[in-house]
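In structure tokens below, several structures.
You will see two complexes here that share chain A, one where it goes with chain B and one where it goes with chain C.
Presenting the complex of A and B:
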């Protein structure tokens, strides 16, 4: 069976699970909406800090909600892999004439479809709550690109850990690591507004660049990051490098599992 | 069957001891509710250090000083779910039925389970107060303020534990109890735990105005920033006690329903 056909079949299986297991999909949808709503409401006044790049808190926290949802959708693939390993479904997959690459790319494709669905729904709700895309269609595309990129990184990381641990011990590490990477960045406020130790950590955290990419179409038009190449390239490099490393990690661990 | 008060007390002490030991024997269960609030406090101190000069913020030296009360409340709320989850586990694995078969006071089964998480709540409050002390975060109300916040932590943990016990007794499922955790998270965020109500707007402000957590946190915050006052003491201690009375009544009612259904 060709790799592309296997990828298609495994992606379809992953997407069908949305209908078969809605209890697994809806929390993944509720979390970004919840994050967006409570952060924008609680930290409503944060936009009044001098130098804050937008005057709408929802513009700042909607991308955060989507990024958190995308990252966790990615590592969620690791949870699914653990379940498949524990139930023996993975052993059956590995016995079929399927390329190892498709065992990673198939479920990843399904996850990316879920992320597009989640991002679209959150954007619609965000706009209803007052979010405005100052960067138009290009800004929306940057947000989708950042979401898909981050979920790919999360998926590679989650799958790699699932293949190492083969049980739910890996799940805690997946969640905790993604949680730390996301919050030790410009998740809550931009770099120019934060002080102290977090500024040092966030500056070198690749998630900061990905969040910057996600927000280029939502900051004020007068802000330097507004649809600027400077704000975009760092995020793209971070996605390509981290995505490549994490998917490489997943494939390497899968081969070790097969051996 | 009438039981002697001394027997009831002895059973309550034994069951409380069991639930307390159970909590401290599972560091993986209690660790996150100690670590995460401190992590968020550290995160907030860097992220929102410039926010304290915004209109609506009280006069504080640092965001950490402002967020002390929010940190304590956050940790206590999250930790208090463990007692109710353990009660649900007792129901699931049959230990609850074995206790009912024994000549044990029915209420001591419930209160014994809540005792562990309540003690842990008080301890959490003390740990947060001491952990933030080296960073210049003090309680202006002095010893009375420290004691009040620790007592508030104990009572709040009991109140929330009793509320979660309603779910445990109704469903008999530890997963269902854990599933209610996001509700606490939402209630905490839609309060003045992390930013003052004066800085909020629209629906968020109205929800925070109705949310009792706002007033609990503001009482502790006032003890920490301004010192002792009757209003601060009332908010810190009376509100959690009021909620505890209400949630205990609900939990006892649900216990009766469960016993009647047997």
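Presenting the complex of A and C:
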């Protein structure tokens, strides 16, 4: 049984639904654009804070918009799984002899394609609004890597919750957890301007490392994070560890669906 | 070792205190259509979900197509086809796309996939609708597509969970014919239903499940025979009524019937009808109408459970 063929056909199903169910895709695209534009416009003065990593607010908030969009695209896979469980379609998939891994990786691949599309569109709009990639192509690649990594983590988490709850009760936890993880990180301001418990939580929050990775090509050339090995490496480790844990969680809960 | 395609031994599934399936023993033989009959909530679907690897048993064992449903779940999946209740199909996909998806997930080679899909679509009469989204299909079309999907890998054992629920009579007959055809081709079929007629028409053997337990099992004709003798109904002219009653009483116990009709529980069944007619003729009684009513599966069900399946919504729920 070829896992790659199964992954491919399940990903195709997911990608095809972008065209067939645009009402599900366009809000997911509009949200990061909205976040980027509104945050960059509202908090334009944030760059005046001494030591702020960039002199353009859009350089700071474009990655945040993309990260929020990627995280929600990831957990959105949980919503799709809930719909398939409720309609019985997931039983059809589970009754096939294909590997359980492909039942997770197939839809995940479809989600990653959506994330690439969303990231590309937001980057184009961001550049049109004045964003500047100080890190060039490498900086852009880091942003894509962070987006794909965060959506993978979100997807594993969303799928695992979908398999536990099997209905929309899981949806509220998915959304709340994404908001908490994102806003208890360096989403709005860098770590060095945070204080107290928020600083402590943000420092240990893996989302902070992933956001650093996303921003390494957008901060000023003079900033310590600019294409720095530490920022890139820290983000990749966070993605690998958290991605592995969340996909493991999803697989474990999928296998427990029969219990 | 027993080589029957479906064997369950003391198979049970509990949800907390609820014993949805309470230790059933079941054997479905090669080439049979086996009917699993019971009202909603009796445990039919739970039993099927265990046999198709979707649900782990709380206790007991089951082997399907020669493989253990827990320890060899993948092997079981490779050898069974399943059409569950409510035709679980993604409405955004077309018939062709669903068949392709199913074929890939069963590991069917790309060069054989299209041929097999066309063959199945033709078989279930959906060739013209193959490229339409399933959301535009009628209930009957969805059931037929569901059946086609379950056959993509030519399974040895086919599970049909209430395949005709909600279908119009014409669609129901079409599906029954297809099930018979598959069975003639060698597929063993396990069919759950709450329709007595469906079980009677299709099944070689049936099991009646109630409150998670199998309460009767056997050939429909044998089960009906266990309920009692068939009723012979006769209409004669009014002046011959008493004489006819006297004759009939020699063949069994008289039974209450509608006014103007005489009824007798015919000991020995249909074979004795000719004998009754001869006896009436010898007594110069002219028979205007004669009818032999066999006990129905509902009679069997009522005898086994204490209530009738027709209108079983009022039946006590599973423990």
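Just a few scattered comments:
We adopt the following convention: the second predicted complex is superposed on the first by the 256 of 259 C-alpha atoms of A that agree within 3 Å, B and C clash if a C-alpha of one lies under 4 Å from a C-alpha of the other, contacts with A are read in each partner's own complex, and residues count from 1 in each chain.
Just so it is clear, a residue touches a chain if its C-beta (ideal position, glycine included) is under 8 Å from a C-beta of that chain, and two chains touch if they have at least 3 such contacts.
Predicted model only: the values in this text are computed from it and were never measured.
Of the two partner chains placed around the shared chain by superposition, chain B is the only one that A:193 touches, whereas chain C remains out of contact. In the overlay built on the shared chain, the residue A:46 is in contact with chain B alone; chain C does not reach it.
Applying the stated contact rule after C-alpha superposition, one finds that A:34 touches chain B and leaves chain C untouched.
When both complexes are overlaid on chain A, the residue A:151 reaches neither chain B nor chain C.
Judged by the touch definition given at the top, the superposed model places A:87 against chain C, while chain B stays out of reach. In the superposed model, A:134 makes contact with neither chain B nor chain C.
Residues 39, 42-51, 54-56, 182, 186, 189-190, 194-195, 199-201, 203-204, 207 of chain B touch chain A in their complex. Chain C meets chain A in the complex at residues 52-56, 74-75, 77-78, 80, 82, 84-86, 88-90, 92-93, 97, 100-102, 104-107, 133, 149. Those residues of chain A that touch chain B in the complex are listed here as 34, 38-39, 41-46, 48-50, 183-184, 188-189, 193-199.
Only residues 1-2, 5-6, 8-10, 13, 16-17, 20-21, 84, 87-89, 91-98, 258-259 of chain A touch chain C when the two sit together in their complex.
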